[in-house]
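Consider the two complexes below, in which chain A is the common component and chain B and chain C are the respective partners.
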Partner chain A sequence: MRWFVKAVGPRKIFEFVLLIVFVIFFLGPLLNLAILAFTGKWNYPDVIPHEWSLKWWKFVFQQEDIAKSIGLSFVIASIVTALSIVLCIPAAYAFARIRFPLSRFFLFSFLLTHAFPKMGLYVSIAVLFFKLGLMNTLPGVVLIHIINVLMFMTWIPTAAFRNVHTAQEESARDVGASPLRVFRTITLPLAMPGILVASIFTFLNSLDEAQGTFLVGIPNYKTMPIVMYSIVSDYPAYAGAVFSIILTAPTIILLLAAQRFVSADVLSSGFQIK
Partner chain B sequence: MDIQLSIQRLTKRYKTGEGVSDISLDVRKGELVTLLGPSGCGKTTVLRSIGGFLEPDSGDILIEGKSVLKLPPEKRPTSMVFQSYNLWPHMTVFENLAFGLKIRKTPKAEMRQAIEEALQLVRLPGAEKKYPSELSGGQQQRVAVARSLLLKPAVLLLDEPFSALDAKLRHEMREELREIQANTGLTMVFVTHDQEEALSISDRIVVMNQGRMEQIASPQHIYDEPNTLFVAQFIGKMNFLKGVVDAGQVRLDDMLLPNPKGLAGNVSLAVRPEDVMLHEAEGQGLAGTIKQVMILGHYAEVSVDLQGRETIRAFRPRDQVKHLHPGQEVKVTFGKSIAYPEQ
Partner chain C sequence: MSKQVKMGMLGLALVIPSFLVLFVIVVIPIVISLLESFKDKNGRYSFVNYEHLFTDKLMRSNIIFTLEVTIVSVVLVLIISYALAVYMRFNNGVAVRWIRRTYMIPIFIPSVIATYGLIQLLGNHGWLARILLQAFSVESMPRIIFDKKGIIIAQLWFNIPFTTMLLGSALSAVPNSVIESAKDVGAGFLRIFFKLILPLTFKTLLVAVTFVFMGVIGSFTAPFLIGPNAPQMLGVSMEQVFGVFQDKQMAAAIAFFTFLLCSFMGYFYIQNMIKEERSRSA
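Let's turn to the complex of A and B:
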């Protein structure tokens, strides 16, 4: 045993143990979930199900409110992502390029939405929404989601724009491109990794948002995470498993797709205040 | 002679009060003029004003006789090579070079031909498919130069394009640029803070200091006859000695020197090391003791402690210093000297 530790090195062994623990804690539940979701019949002592089937998938998609919530969640997430791109990308560019007074203060203020207990913030927003008649409306839900992602959507693209050197933009002007064309063909593509990462974050964050939606959107706007709560208590575990796969799948798919862009660099440079 | 670029009484002051004042300069067609000066003296400010990236407070800039002051950078017949970050990393070399041509709607075949030739000119044939990150710093700057050449600008502006490169490469690039200029006949304004670089490639040099022009002349002229004490200090190696004007002549102890500018009072006398002559201790001149003899290739640098004065340096041919050794008493005379009012 000793020789083994010596030969491999304690560090390697530690890493290996860490990996095992990670697999058990992270992939274990996921695996369990996947098995549950495709189970037809499963009796206690068996290690794997007795019978595989898609019946729980059918069941979930036949429940009207569940199917509706899935559609609603994706619609809301798309609207939130699109809107926050339109709102935040120009702001991020301004923060990156224009040195206006209090720019740091503005940039920093977005952190405030994350500095307080969420519920407190949501309640005060709800009071405001109530006065404005935004309770139980789509714009209300979308707004509360946007408030949540304001920070990602501004900070990360700001850092991305800062990494585009002015000389790169100026050389494009110099060879004959108009300011708009420079933004389209030089600045935007160069900042795209950061913008993409932020957008994916935003999309996933919106899919996942429950607290604020619960407060503002009930009863008409039940998104997936909200329906999830009732499913866990009202339906068999199999249905819950199917549902949570539908909820996690976009995260995994999008993160895999974005892996190319999500470097520690992009993320960490987004959280420096310059 | 055709004046290609004319800068007339250009003034640009930033909010901080720094900037340039009263810059006037005519550049002839096919000429390479260098803006030379210490860091912060305003070279980039002048260049960026020409390129359209800065709006001057007053003055005018004419290219081929027409004022370009109202034109944005993309409409000006100039092209600029920046110190770094010239290229767009998400495009191949070909796409980088084609960007400007596409905007000008150059036909495809013609474009390919022109790009091939431009890459040949900067000695990077066949680099079309590479990305900027796959090129060395020197190669990237060459591509940037090629991109500017392709657009056949009326004036090519270069802002310390080689300063990020190592000394050897910088030398090579200088020579290449000179060659390109000879081949293309382009008018160029080159910015550098390296006086050696300026002396070696320029047709004319503009020496700047604290936002103003100190002197504009050929390298030869600037080296031989610096107008001001600043230029004398900035260009080449120079010894400075304290002197005084006495009866119309500059006097250093008992040595008398001409005073063509008719100065009065205390003066600084500037003498190039190669104009410092060393003689036997018995002869005429200022008395001194040799401090050090350094062989620097084909010549030697001899430093001499002058009695009751500064230490000065002399450059002598190597075979003339064979009999010199530290501690030896010598007399020093000056072949050529220039007096400036003392500051």
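Let's turn to the complex of A and C:
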């Protein structure tokens, strides 16, 4: 043992142990689901299933409410993303480029969405929705999804617009480009990675939102995570695992596609002013 | 109209729509639920909900349970995330590179899925129990799922990656040259940490504390799926009071109580952000 430590170096071994702990803790639950989803039979106390099969995939797709929830989730997530782009990107541009009264107050007002514990805020909103008759309606569900994304959907693009050098815009103006043209051909493309990350983050956030929808959308708006709540108790683990993979797949696909742009710096600009 | 006024109007026009949405779905609900929480069943103003909140035995144990889970989670998350972020900042081995590449994945995994995975892994007769039994003949595991431990583990799973990301981004802004010159004059690691790294990242640390604290207190999915039936965390209890017992006033009172618990944190976070912005534009 000692020669091994000497040969490899204690630092390498420490890092290796760190990696193992990290992988087991964070990827263990996901790996477990991945195995369960392709299992035919797995009796206690075997460590590995002794029969692999795809029969649970067939089972899941035959359940009507599950198939319906997948469609519904994507429709809601698309509406939320489109709506928040329309609402937030102009605001982000204004924060980054235009001097207007109370701009700082408006910029910080978005903090309010993250200054309260989530479930408490949702219950307060549900009390209001109840009075307005928005419970169990599509606008109600969309609004509750928008709360979560309002802040970073404004702040990440604000940071992205701010990072575009004004010198570049000015030189385009100097050679005679109109303000709109400068925005279209210079500012927007340069800020695009930030906007893209924010939009993807919004889409995924809406796709995964569970607690708010559970409070205001039941029983007509059962999105994927809501169906998952009942799957946890009502279905065998194999079916739950299959559905988990279906629910996680969009996340993985979109993240891989946008991998180049997603970085800790961009993401954290959505939660703090830097 | 002068150009400046025109630009000012344009700026306001661009910002107002999103601000209105914010106003309708955050500010108004909070005011309404505050008023609602002071009403009894007949709509008269009274303290009956808050009285119930602090005198009912079950409610009191819920509050204590929530605070316990929250404080333990916050402390553990901060220690682990900060250590991990500092280690990743100043080391560059193969293992570290792999962690850096993968640690953000859990941020994007739906919380329902992660919770479900944890149930399958750590539950009675789960994968971990099987592996421990086969490999080390460990017969019985402590109860994790449907227990406080399960909730805390889930909170660690959700919050460590996000906190590490925030802290990691703050640490990467600490210039190497500063650290190098401190090393040159013979400062040890602890000294560098307490004199340089900690002060330079302290603000982000505060942001992180706020997010984790509020995230845990306001959490629903993990305690709903893997918490014990009693005592419950306040998020679950709120949902039940609202949805099952249909007692809106009581639910509003619990919601408001969680706001109060977080108000100090929220205040510091907002203050801090405003100060930061001011120094930026000054």
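Descriptive notes on the structure:
The rule we apply is simple: the second predicted complex is superposed on the first by the 251 of 274 C-alpha atoms of A that agree within 3 Å, B and C clash if a C-alpha of one lies under 4 Å from a C-alpha of the other, contacts with A are read in each partner's own complex, and residues count from 1 in each chain.
Operating definition for what follows: a contact is a pair of C-beta atoms (placed from the backbone, for glycine too) under 8 Å apart; a residue touches a chain by one contact, two chains touch by 3 or more.
Bear in mind that the values here come from a model prediction, so they are computed numbers and not experimental data.
Upon superposition of the two complexes on chain A, no clash is found between chain B and chain C, which fit side by side. Once chain A of one complex is fitted onto chain A of the other, the partner contacts of A:T154 are limited to chain C, with no touch recorded for chain B. Contact with chain C, but none with chain B, is seen for A:F22 once the two complexes are overlaid on the shared chain. Annotation for chain A, partner touching more residues between chain B and chain C: C. Once the two complexes are laid over each other on the shared chain, residue contacts for A:R173 go to chain B alone; chain C is not touched. In the overlay built on the shared chain, the residue A:I186 is in contact with chain B alone; chain C does not reach it. When both complexes are overlaid on chain A, the residue A:P225 reaches chain C alone and has no touch with chain B.
Here the apex is the CA centre of chain A, and the angle it makes with the centres of chain B and chain C after alignment on chain A is 90°, in steps of 10. Taking every C-alpha of chain B against every C-alpha of chain C after the fit on chain A, the minimum distance is 8 Å. Looking at chain A, you'll find no residue that touches chain B in one structure and chain C in the other. On chain B, the positions that touch chain A within their shared complex are 51-53, 72-75, 78-80, 82-90, 99-100, 103-104, 144, 147-148, 151. The part of chain C that touches chain A in the complex is made up of residues 4, 7-12, 14-15, 17-19, 21-22, 24-30, 32-33, 36, 87, 91, 93-96, 98-99, 102-114, 116-121, 125-131, 133-135, 156-157, 161, 165-166, 168-170, 172, 204, 207, 211, 214-215, 217-221, 224-225, 234-235, 238-239, 242-243, 248, 251-252, 254-256, 258-259, 261-262, 266, 269-270, 273-274, 276-277, 280. Interface residues of chain A, counted against chain C in their complex, comprise 11-12, 15-16, 18-19, 22, 25-30, 32-33, 36, 44-47, 87-88, 90-91, 93-95, 98-104, 106-121, 123-128, 130-131, 143-144, 146-147, 150, 154, 204, 207-208, 210-211, 214-215, 218, 225, 228-229, 232, 237, 240-241, 244, 247-248, 251, 255, 262, 264-265, 267-268, 271-274. Residues 165, 167-168, 170-178, 181, 185-186, 189-190 of chain A are the ones touching chain B in the complex.
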